[in-house]
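Letters A, B, C, D, E and F name the chains as they come in the text, with residue numbers starting at 1 for each one.
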Amino acid sequence: MKDQGIVVRNIERADASVLAALAQCGVATVHEAQGRSGLMASHLRPIYFGASVAASAITISAPPGDNWMVHVAVELVKPGDILVLAPTSPSDAGYFGDLLATSLRARGGVGLVIDAGVRDIRTLTEMRMPVWSKAVCAQGTVKETLGSVNVPIVCAGTLVNPGDVIVADDDGVCVVRRPEAVEVLQKARARLASEEAKRVRLASGELGLDIYDMRKRLAEKGLRYV
Amino acid sequence: MKDQGIVVRNIERADASVLAALAQCGVATVHEAQGRSGLMASHLRPIYFGASVAASAITISAPPGDNWMVHVAVELVKPGDILVLAPTSPSDAGYFGDLLATSLRARGGVGLVIDAGVRDIRTLTEMRMPVWSKAVCAQGTVKETLGSVNVPIVCAGTLVNPGDVIVADDDGVCVVRRPEAVEVLQKARARLASEEAKRVRLASGELGLDIYDMRKRLAEKGLRYV
Amino acid sequence: MKDQGIVVRNIERADASVLAALAQCGVATVHEAQGRSGLMASHLRPIYFGASVAASAITISAPPGDNWMVHVAVELVKPGDILVLAPTSPSDAGYFGDLLATSLRARGGVGLVIDAGVRDIRTLTEMRMPVWSKAVCAQGTVKETLGSVNVPIVCAGTLVNPGDVIVADDDGVCVVRRPEAVEVLQKARARLASEEAKRVRLASGELGLDIYDMRKRLAEKGLRYV
Amino acid sequence: MKDQGIVVRNIERADASVLAALAQCGVATVHEAQGRSGLMASHLRPIYFGASVAASAITISAPPGDNWMVHVAVELVKPGDILVLAPTSPSDAGYFGDLLATSLRARGGVGLVIDAGVRDIRTLTEMRMPVWSKAVCAQGTVKETLGSVNVPIVCAGTLVNPGDVIVADDDGVCVVRRPEAVEVLQKARARLASEEAKRVRLASGELGLDIYDMRKRLAEKGLRYV
Amino acid sequence: MKDQGIVVRNIERADASVLAALAQCGVATVHEAQGRSGLMASHLRPIYFGASVAASAITISAPPGDNWMVHVAVELVKPGDILVLAPTSPSDAGYFGDLLATSLRARGGVGLVIDAGVRDIRTLTEMRMPVWSKAVCAQGTVKETLGSVNVPIVCAGTLVNPGDVIVADDDGVCVVRRPEAVEVLQKARARLASEEAKRVRLASGELGLDIYDMRKRLAEKGLRYV
Amino acid sequence: MKDQGIVVRNIERADASVLAALAQCGVATVHEAQGRSGLMASHLRPIYFGASVAASAITISAPPGDNWMVHVAVELVKPGDILVLAPTSPSDAGYFGDLLATSLRARGGVGLVIDAGVRDIRTLTEMRMPVWSKAVCAQGTVKETLGSVNVPIVCAGTLVNPGDVIVADDDGVCVVRRPEAVEVLQKARARLASEEAKRVRLASGELGLDIYDMRKRLAEKGLRYV
C-alpha cells in the first residue's frame, strides 16, 4: 500500500486450465478446500445473478473517488485477468462503467472486484461483464491522484497479490494464492467428489448426524433431548 | 435462550390447511391482520425473488460460526416445517448450504430463516429452497459448541416459539403465534376482501382521501392548502 | 422542512418531451452532464431490475412511520409525476404498498422514490410500478400526524424542490432542477454522442490512456513503471 | 407486542437487596453466570461513563417517533424501577430528555434503556440519570399513537418481561428473569469469588494456559508450535 | 452543489448577540422552537463532551478525501464563523487536524461541522476546538480537485446556506436559517421559560399526564389499564 | 490466514527506543510519514481517551466468538508487546476482559487492538490498559476451536505481520512494517519539525493558501471568486 505511483508491468499468472477448473468448483468449495481462508467480506455482492469466474488478479490501489489507475491497469490486462480494486479510504463512488467495461473486454479482461462502487449496471449486465462491488452508485470520479497497479493490496479484508487467483460467484469472492492454486484445486475436487457422495445419502433421507457420526460427541458435550 | 444444550423433540404445530391459507395471504396482510406485530427486522432478505411460504418453526439457537445444531434440528423436521436460526452473537458466516438443503428437503422441510449467513445460493435457487438471511457468505462454520433446538429464541428482533407459524415472502418474515394462527387467518382474509373492494375503487381513480374519509380529520389537525 | 401541515396544490413541471428524453439518457450520464451533482445516496435501490424513469417530483415530508401525507399527495399527482418522500427522522417502515400503487397509477403517477421502506413488492413488480427505496419492510404505518406536500425536502442527502425532475434507473436516483432540465438534457446528449465515439475506439482495443491523452500527465505526477 | 393500547398497572418486582447485589456484580459477570444469555445488542451504549445499575423493568412498546407512552409509564414507576423502551419499528428520534428525566427521578426511577434516541444528554449527565441508548438525537417526538406499557417486549434483540431485572453498566445491558434473579445472583457471586482467586494468580505471572489446564486439549486439537 | 470551483467571498451573518443567545438555548430547544426542523443526522458526534456553540456557517463542498477547499475557506472566516463541510461522495478521511485548527482559530473561527472524518483529536480537545464529525480517522487527504465555498450544501441530510446559524452541542447539530434566527430565538426563549415552569412541577412529582392534560385523549384513543 | 493451529514462538521486534519515539509522534504523523499507508479502518476506537502507544504486534487469528488463542498468545508476550486480534469472520463478542488484561500486564504487554469486542471496560480503564476495538460487548466467548498466533493477519483492513509496530492513539491505529520502523521514525520527526514551524506561522494568522503557495494552482484549476 505504501509506495503509491508504482506500476508493475509483468506478473506471474496461474495456468488457464487451473483457472477454468477452479471456476467450476465455486467459491464455497474453494474456500473450504484451502482451510476456510481467503474470503473477502460479504458486503461485496455481484451486480447480477449467475456469474462465476476464476481469473488472475490485476490489483489496483486507488484514491477515494479517483479512477485514474483503472485506465493504467487496463493496459496491463491479458486475457483471463480480472481487475481487483481497493480504495485507500472508504468510498462508494462509481469507479467503473460501460466505457471501461468495453475497454476491459477488448483486452480480454473477464471482470472486476471492487471494494467501492460501480455504475451503468444495466449495460454491464447486458454485456455479461461480471462485477462484485460494495455499492452501485452513479457518482462520478476524477483523474487527479496517483495510486498503484500490481502491488499487494487488502481488498474487503483480504490480502491480494498481483497474479493471485480470484474465484467469484453468487456466494462472494475468494482469493487463492497463485503458487497454491494447483494444490487448492486438487483439494477442491476431492471435496466435490466427497460432497457428491454425501448429497446422495442426504437426499435419500439419511441424516448428517449419522453420516458424520456426530451423536456420540454431542452426547459427550452434554446435549440433552427433552 | 438460557439453557444451551437442550433439544425439545416434540412440538405442537398449526394445521397444514391453516399454513397453506396463511401463505396465500402474504406477509404484509398477515402483519396488519395481527395488529402490526411479529415482523422480523428488514435486514432479513430472500435469496431469490418470488418465494412465499407459511410453515412451522423449528427454532435453533446457535453459537457464532457454528452450525452443529442445524444438523441436530434437521432430524426433528416434519413436512411443512421451516428452520429458524438465531446466533447467540452477531455472525454472517454461512451456516447453511446445498448439502444441508438437500437433507432438509429430504425430511420435508420447506425453508430457512436465519439472522446470519448462507451459501451455495445458486444451487439453493435452482432447488427452489427459499431462504431469508442477513447475509450471503461463503465463510464456513465449525461443529464444536452446543446450542439448543426448539427453545424460544429472538430472531431479527422478534420472539419465536417452536411451532409458531412463519409467514415469509418478498416483503420479509412475520411470526404468528401458533395458538392464534386460525384467528389471524380469519382477520387476514377479511382484510384481503376489504382491500380488494378498495383496490377496485382506487383503480377507478377514487382517492384514499375520500374512501377513508380523511379530509375532515386532516383539516381539524390544521392541514393548509396553499 | 419547517412549516409542517402545508400542501402546495400547484407546481410547475418540466415538459413531457424533456422528461422522456432525460429518461433515455440514464442516471450516470445525466449526473455527469450536470457536473456530478444531484445524486441521491446509494442506499436507495430499485425494487426490481430494469426500471428507468424521468418524472416530475411531488415532494412529501412525512413523520416516521406515518403515511397519511402520501394519500394527500396522490390527489395532486398529474400524469408523469413521481412521488418523492423523505421522513423527518430515519424510518424503514413500509409507507407504500399495492393499494397506494393502484391509486397512484390511476392518477397517472409513474413511480416512487422514498428514503424509507415499501411493501407488497411482488405486486408492485408485477404492476411494473417502479420504486427506489431504502428498505423493503412489511411494517405498517399510521395516519396520525401531519407532514407537508410539495415543499422543498432533502431526500437521501439531496435537495428536491417540487417539480424538479427525478431521473432514476438501476444506477440510482438523480435530481435535475426544473429550470435547468433543458440545458442538462443538451449536455447529456452531447455526452452520449461523445461516449459513443469513444466506445467504438475502446471496443477496438484502443486504450483510455491514449484516447484521453493521459500518459504525459501521469509521468509528470511521478508514475513509475517497474 | 400485539395488543397495543394496553397498560398493566401492577407487576412483580425482585427484592431491592437482590437488585443492589446484582448491580455490584456487573453485566459481564451476570451474563456469564446465567449461561451467556440475556445480553442486549452492543449498539446500546451509555450516555456517560461509569454508571452501573440493577433495576426492575417497566417495559414500553412505542410507535416510531412517538413518546406518549413514556408519560403513561412514568406514572407506574416505583422507586428502583428502570424504563425499557423498544420502538415498533426502528427509530433514532429523541424520546426522552431532561423534563422526562426530572419526572422519572421524582417518582424514584433510576434510569432508561432505549433502543432508539435520547436528548439533553448534558443535563442528563449532570443529573447522573443513566441512559443506555442506540442514538443521541435532538429530533423531537409526537404524542399521537398508542403503544403499551408493561407487556413483554423485545429490546435490542432480547426479550424483556415487565419486572425483569435490568443490569447495566459500561459493558452494556443484560436482562435477568425476575424469578431467576436470586439464583443468578448466587452464581454471579460464586463466579466473582473464583475470578478473584484467578486474578491473583494471573497478576503474579501464572498463565491461563496452566490455570485452566488448556495445554493438553490444545495439543489434542492439533496446535503446533513452530 | 452544482457549480464546483466557486468561492463566494461575502455572505450575510446573524448578529453576534443572537448567536450568543442561541448557544445558550441548546440544540434540542432550538430544534423544537423551529418546528422540529433543521436537525442534522445523528451520526454527527462531537469529538469531546461539553462543547456548545452557535455560529455562522462557512459552507464547503469538497471532493472525497480532498481538503483543498478547507484552506480556501479559512481565508473567508470571520470571528464567530464555523466551517461546515459536506463531501460530494461519502468519505471518512481526516480532512481537518491541528494545523488547520490553529489556522482557523487565528482567524476567529469557532469550530467545524463535517460529514466526514477529522484527526488530531487529542490536540483539538486540548485546544478546546469543537468538532462534530462522522468519523475520527487519521487517513490523510490530498489537494488536487476543486470544490466550492459558500454555496448551499446538504450536510448530514440538512440544507445549509452560507451564513445560516449552526447550533451545536452534545445532542448534535441544528441549522437555523439566518433570516429566521431572531424569531427562532424568541420562540426558543419562550419554550425555555415554559419548560422551567414544568420542570418545577415535574420535580415535585406531578405527572406529565396531568400537566399536559393527556388522560382524556388517551382514553378516547382506547388506552386500557388492566 | 490459512494454516490455522499454528503458533510461531519467536518473532523479531523493533528496538524499544524506536517504539518509544514512534509513540511520541502519534498516529496521524506516522501515517503521513509513511505515505498515507497502514491505517486500520476508523471503526476501531479506543475504550478511553488519551491512551497512546507504540508496540510490537503479537498477531492472533481467532474463530468468531472463541478467545482460546488469546490465552496461547499471552504466553508469548514480551514487555513492550501488544496483542492484535482479527476474527476469521465478523464478530463483536467480548474476547478480552479484566482477567486477561491482568495476565497480559503481568507479562509486560501494553495493550490490545481487536477487530471485535471487549468487556470489563471500566476495570480496563481503571487499570489504564489501552484497547482499540470494534465494539464493547459483554457477550462471552468459548474455548473450542483453534486459530493461530504470530502469523500474518488482516486486521480492520490492514495487513499486520508479527513484530510489526502498532502505533495507536485517539486518532486510531496504524501499522508500521518492522524493517521500516527506523526510516518511518526519521520521516515522522522531520514532519513534526516542519509542522511546528508551520503551526507558528498559522497561529499568527498567516494562511495555508500562502504558506503552501496554493493560489496559483487553484487559479489554474479554474477556481473563481465571486
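What we mean here is this: a residue touches a chain if its C-beta (ideal position, glycine included) is under 8 Å from a C-beta of that chain, and two chains touch if they have at least 3 such contacts.
Because the structure is a prediction, the values reported are computed rather than measured.
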item: Other chains in touch with both chain A and chain E; value: C, F
item: Fraction-based call for chain C against chain B, same above half, different below; value: different
item: Chain pair among C-E, A-E or D-F whose interface repeats that of B-D, sharing over half of the contact pairs by residue number; value: C-E
item: Chain centre separation (chain B, chain F; CA means) in Å; value: 42
item: Euclidean distance of C-alpha centroids - chain A vs chain B, Å; value: 31
item: Between chain A and chain F, centroid-to-centroid distance (C-alpha), Å; value: 28
item: Two or more partner chains touched - positions in chain A; value: 36, 88, 90, 92, 137, 139, 145
item: Touching chain combinations (by label order); value: A-B, A-C, A-E, A-F, B-C, B-D, B-F, C-D, C-E, D-E, D-F, E-F
item: In the complex with chain A, residue positions of chain C that touch it; value: 26-28, 31-32, 36, 39, 42, 45, 49-50, 52, 169-172, 174, 195, 198-199, 202-205, 207-209, 212, 214, 218, 221-226
item: Chain A-facing residues of chain F, complex; value: 1-4, 34-38, 41, 88, 90, 152, 154, 157-159
item: Chain A contact footprint on chain E (complex, rising order); value: 63-65, 88-93, 137, 139, 142, 144-145
item: Chain C-touching residues of chain A, taken from the complex the two chains share; value: 5-9, 48, 68, 71-72, 74-75, 92, 94, 97-100, 102-103, 105-107, 117, 119-122, 125, 135-140, 143, 145-146
